[in-house]
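Written out below as structure tokens is the structure these notes cover.
Naming follows writing order (A, B, C, D, E and F), and every chain is counted from residue 1.
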């Protein structure tokens, strides 16, 4: 499943495997088929979404936010 | 391989499968084990890196740039 | 309407009033009840979404991307 | 009033209606004519600006940071 | 000079030494005392600001957008 | 020294002069030849990198994240 209406194609589906709740910001780890993606969102968003470990979730990010490093063969 | 010294853990290795060169910005697609990641970087960066289709590359992004959507089971 | 499952509360609904299509990036203007919001997304996203002037659209952005300037009374 | 010299047109004036001060980051809510915009800035910035509930403030963000979702009619 | 009212301390003053105008986005180089900072802004912003080579300008960015790499001694 | 393989040219070398460790996010100050750059990264990244005051470090940011303000002569 994906949010097809949102412009970015950078959408990775996975499962929330940890939520570190801070006073203002929380760190959320989403395990996808290609590895863990870390996200930092507000703790108020975690509460509003009712986000919990075990939830299915989508990690989205804009192409403009991605850096590219060239690797040696 | 990864840039272990860079703070973000969000690093996905893959192969450059397309580069759409624009006048100022270029869209780069990196095929990783978990799907294609799109990146937008300056065309001057593409030239400076000598980035070409077929190159091994790393896509990096900060956790703060990731949005989270909760999915229904 | 809003994407209630997405973490950010910064969601503004409006109507697409202009799309400036560039070779790689496009500038989209969304007229909301509180003014025009400008967005820059890839032209490939504009095509994939089939986005056109007159469409209803949502502008979303993360709280971490907002700068705050204090104004004099 | 706006910061006309800054490149982005995405500038929304409003009033600070809440500040949640965390140890490092703070969440600031600015009520504008079109709804509340949430911003996350460093707590050190909140102190440096002397930002308080009731202050007039401007929320700014770059067009490149805005995602667009197409809505169904 | 700085925009003291804006929250970020990451403000670097310099001189615009080049503007590469694209159809939608433009790349602006600002020479500061510590090196050249590259910025990508919309071409419509370049026009609106009347930005030209030789202008004094300020490059601003949020602390949340900065990545940190540890260097070996 | 620089990470020549990473796309952005916005790389500033310096020395870590302070780390404010929060529960989830940490504020890192890097003194460069042109002034202090503030970065906000996750506290887990600070730990993983073993980042300490006195370390040599590189601050990197994308051109797309830079705002430009025109200054009066």
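Here is the rule we go by: a contact is a pair of C-beta atoms (placed from the backbone, for glycine too) under 8 Å apart; a residue touches a chain by one contact, two chains touch by 3 or more.
Only a predicted model underlies this, so the values are computations on that prediction, with no experimental measurement involved.
Asks: Determine the set of chains touching chain D that also touch chain E.
Replies: Where chain D and chain E share a partner, that partner set is C, F.
Asks: Which of these, D-E, C-E or C-D, makes the same contacts as A-B in over half of the contact pairs?
Replies: Of the listed pairs D-E, C-E or C-D, the one copying the A-B interface is C-D.
Asks: With centres defined by CA atoms only, which chain is the most remote from chain C?
Replies: Farthest by centroid: F.
Asks: Please tell me whether A-D or C-D has the greater number of C-beta pairs in contact.
Replies: Contact tally favours C-D.
Asks: Using Cα averages as centroids, what's the distance between chain B and chain C in whole Å?
Replies: Averaging C-alpha atoms per chain gives centres 23 Å apart.
Asks: When the C-alpha atoms of chain B and chain D are each averaged to a single point, how far apart are the two points in Å?
Replies: 29
Asks: Among the residues of chain B, which ones contact at least 2 other chains?
Replies: In chain B, the residues touching two or more other chains are 3, 5-9, 22-25, 27, 38, 40-42, 45, 49, 51, 60, 62-65, 67-72.
Asks: Mind listing each pair of touching chains for me?
Replies: Taking the chains two at a time, the touching pairs are A-B, A-C, A-D, A-F, B-C, B-E, B-F, C-D, C-E, D-E, D-F, E-F.
Asks: For the complex, which residues does chain A have touching chain C?
Replies: Interface residues on chain A, with respect to chain C: 3, 5-9, 40-42, 45-46, 48-49, 51, 60, 62-64.
Asks: What part of chain F is in contact with chain A in the complex they form?
Replies: Within the complex, chain F contacts chain A at residues 3, 5-8, 22-25, 42, 44, 60, 62, 64.
Asks: Per the contact definition, I'd like the list of chain C residues that touch chain E in the complex.
Replies: 20-27, 38, 40, 64-65, 67-72
Asks: Per the contact definition, I'd like the list of chain A residues that touch chain B in the complex.
Replies: Touch list, chain A to chain B: 1, 3, 8-10, 12-13, 27-28, 30, 32-41, 45, 49-51, 55-73.
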